[in-house]
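To start, I am sharing the structure in question, which I have written as structure tokens.
For clarity, chains are labelled A, B and C in written order, and residue numbers in each chain start from 1.
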Amino acid sequence: MKGSAIPTKPSPVGGRRRWLTALGPAARVGALGLALFVVAALLAPWLATSDPLEIRLEEQLRPPSVDHPLGQDGNGADILSRLLFGARISLSIGLTVVLISAFIGITVGLISGYYGGPLDSLLMRFVDILLAFPGLLLAIALVAVLGPALSNVVLALAALGWVGFARLVRGQVMVLKERPFVLAAQTSGASDGRILLLHVLPHVLSPVLVQATFGIAGVVLAESSLGFLGLGAPPGTPSWGAMLSEGRDVLFIAPHVSIFPGLAILLLVLALNFVGDGLRDHLDPRRQGLGGTS
Amino acid sequence: MVIFILRRLGQLLPVLLGVVTLVFLLLHFIPGDPVDLMLGEQAMATDRQALRSALGLDQPLWKQYGRYLSGLVRGDLGLSVHSQRSVSAEIWSRFPASFELMVGGLVVALGLALPLGTAAALRPRSWIDGGAMAVSFLGVSIPNFWLGPLLILAFAVHLDWLPVSGRGTWQHLVLPAITLGTAMAAMLSRLVRASLLDALGDDYVRTARAKGLTASRVVLGHALPNALIPVVTVVGLQIGGLLSGAIITEAVFAWPGIGSLLLDGIQSRDYPLVQGCVLVVALIYVLVNLLTDILYAWLDPRVRLA
Amino acid sequence: MPEVVDPRGDGTILARLRGVEMAFPTRGWLGAEPPVKILQNIDLEIRAGESLALVGESGGGKSTLARLLVGLLKATAGSVEVMGYDLSRLHRNQRLPLYRQLQMVFQDPSGSLDERWRGRALLSEMRRLHGLDAEDETLIRLLTEVGLSADTLERFPHQLSGGQRQRLALARALAVEPRLLIADEPVSALDLSTQAHILRLLRQLQAHRNLTLVLVSHDLETVAACCDRVAVMYLGRIVEVLPAGHLRRARHPYSRALLDSLPSSRPSERRLRQAIVGEAPSFRQPPPGCPFQPRCGVAEARCRQQVPVLEADADGNRLACHYPLSS
């Protein structure tokens, strides 16, 4: 074992209290950035200088100015205000998709990993099939047939997102179920549900948390990608993806329309990746590297 | 080895069938009548009926499925609703462009990741390492639908060094390839670094060092080849990211590949075309993964026995 | 409540195994291969109040047998009846009543206690599950019984020493006042002086609580210290069953060889010690005939052809050997 100078298991009591300081500088910067985005999203109605849906065609595509620090878009609406409201959409979609995915994935992973057998084989074959579609392909196809709407984006991304959680949890459960404390729980007479919820689930939550952090980053990217392709929110919605899609048509005459939404996405995704990476190093010092958020 | 390949092929069959079935069912996920969507509300009843029977939608589901499968076996993906050309011919005509872009992206990814990761691993915790890893963080987080336009603005519009979009000369390929390859380069450079650090700690590398070989000899001749074995698998898996990234990159640069074709199909609600593109891309991905597995097993015999 | 009763006989039979076989499916190059039999032809009874040891080298199937006895594994053939329940057909709602009477202690005390649970939670969960009171007073009495102080209630497992953890694991198992306790190598993960303490504790508990004990061990000294009866296992079979006090007079060459590995072996048995030097054969390719024959010093042609059957002798001891040593 290399690099085992770090104690294998930080004590759960002490660890929880000082997790922020233990995260390392990059992750702390990430956490700070993430906090800023969350605050901006929560306070959007108060922070925004003007109505994000305002239409002032006479001021369309104006570059950044004192009144509109990030300029105005094709409808003359203030881009900064739209970005602030867009943060709400991006973060809530990210959170919603990850929550749904995690719930389904954890459930499937627990059952599949714990019981094994034909049910497990069946579920994993299904997972294999979903994984045979690279990256966004299936999401693109699903939104294409379901129609462009934010609810369909959530649906499509969640329909794929649970797979990662299911595989992660299943792998952990397969190891955990042979651990003596789970066997001891079985011989305590507790029901399977109780064992899974009280004795197995708490032990998979750390890696799930890491995966969820990267997952939100992935969903933010995916939502904007779909939006960029015109498959996200309907035009006019202050979603970052939709804003990029609008900016694409005026790239040469008004680059600021697409540059600032893209920058917002980059910064949010970067913050999430920093936090995720820090969490992972903290919770499992042996593994390093970036999660799959491409 | 032969047995390994056969076994792997055997595992592949249910997945392939599942993929095909899912793509077939895609059309049936459409809320409402797909024919209405494709032709619009004002279409003539005769046209509707013609399309409905052309797509086989007037038949029971299992018959449609059978027709779809038997068509597939013959390489027939149906007809495009708009161009009335065969979908497989449309896709085939776009294939060279997509292939070119993929290879370009891969070259960029490996060309950046190998030197960056190696440099970082040779001087861990130095400023080179820190810088390389910061760049890789940035690369993973940068959306390619944003990087592409930025590159266009900088190199095509302001500097006027390279063409804005389209395909043709090698200059046309530069910006799309960079756009596509960056995310993968970022991920791979971290992997190369970690993998190489691992290999550098191994006994045979220490032995080689003890024998007085120079550092670069040790790294290039001994550690790097071993460190690359895990990289191979990840490259295979990341081809998926490349394939789906290519859809966006093609959109940004109006690159006439399968991704653009797919998006055109979505725009014009040409569902047979959409199905065909999705299926072909998924099949390519499955095939690449199979090849990766085989390559990996060949490089690392332990895998075969697992 | 179903219970195996043996009225006015030798005592109640708490567990009865008949023709038990445990086979694990294996995967080879091309799909399934013939399953590997980890246990074969196991016949065994456990009497109320006794303490029975399962001994043998590691990898002989002892732990598998222990897991079968508590229902963590299901036998692939034969019947396992414990506390009157047929474990191969245990219904979901029979689990609580079964584990009220049957408990298990595992080898690795740090692994068998959930590291996120404090002592109080570990003990009270057991009592609450079975509808017993979980007052601190009761829990402290339990802790005292296993030699732990009351403040263990507030401790997480990682704050305890190895011996203390095993005591806590024991308290957890005893929390439901079971009649039968299966202990799988309960001391082998502990240092020597702690081992002695835990073994003494086990013996006290057994006497004090009228507990029936099944102790799995690779260590004959452990066994001699706290058991009445010994079943020697080799390569998935029981080869000899005899009273712990008669261990020195074991008749199976393997039992004798195990004894020899103790420091106090007599010079006359040197020959056998050499005989056991070889590697234990694998379950995948069991030797023909008697499983011990390739390593046995006294094996003859017949041993290579015929598997010896476990038969009871006049004293009620059981032995599976064609050419037993004289006692």
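The rule is short, and it goes like this: contacts are C-beta pairs under 8 Å (C-beta built on N, C-alpha and C of every residue); 3 or more make two chains touch, one makes a residue touch a chain.
Treat the numbers as computed from the prediction; the structure is a model and nothing was measured.
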Chain whose Cα centroid lies nearest the overall Cα centroid: A
A-C or A-B, whichever has more C-beta pairs in contact: A-B
Chain centre separation (subunit B, subunit C; CA means) in Å: 55
Centroid spacing, where centroids are CA-atom means, of subunit A and subunit C in whole angstrom: 49
Whole-Å separation of chain centres (CA-atom averages), subunit A against subunit B: 22
Residues of subunit A touching subunit C in the complex: 9, 11-13, 179-181, 183-191, 198-199, 202-203
Contact set on subunit A toward subunit B in their complex: 2, 26, 125-126, 128-129, 132-138, 140-142, 144-147, 217, 221, 224-225, 228-231, 244, 247-248, 251-252, 255, 258-259, 262-263, 265-266, 269-270, 273-274, 277, 288-290, 292-294
Complex contact set, residues of subunit C against subunit A: 67, 70-72, 92, 95-96, 98-100, 102-104, 106-108, 111-116, 125-126, 129-130, 156, 158, 169, 172, 176
Complex contacts: residues of subunit B adjacent to subunit A: 14-16, 18-19, 22-23, 26-27, 29-31, 136-138, 140-143, 145-146, 149-150, 152-153, 157, 183-184, 186-187, 190-191, 194, 198, 201, 238-245, 247-248, 251-252, 262-263, 266-267, 271, 274, 278, 281-282, 285-286
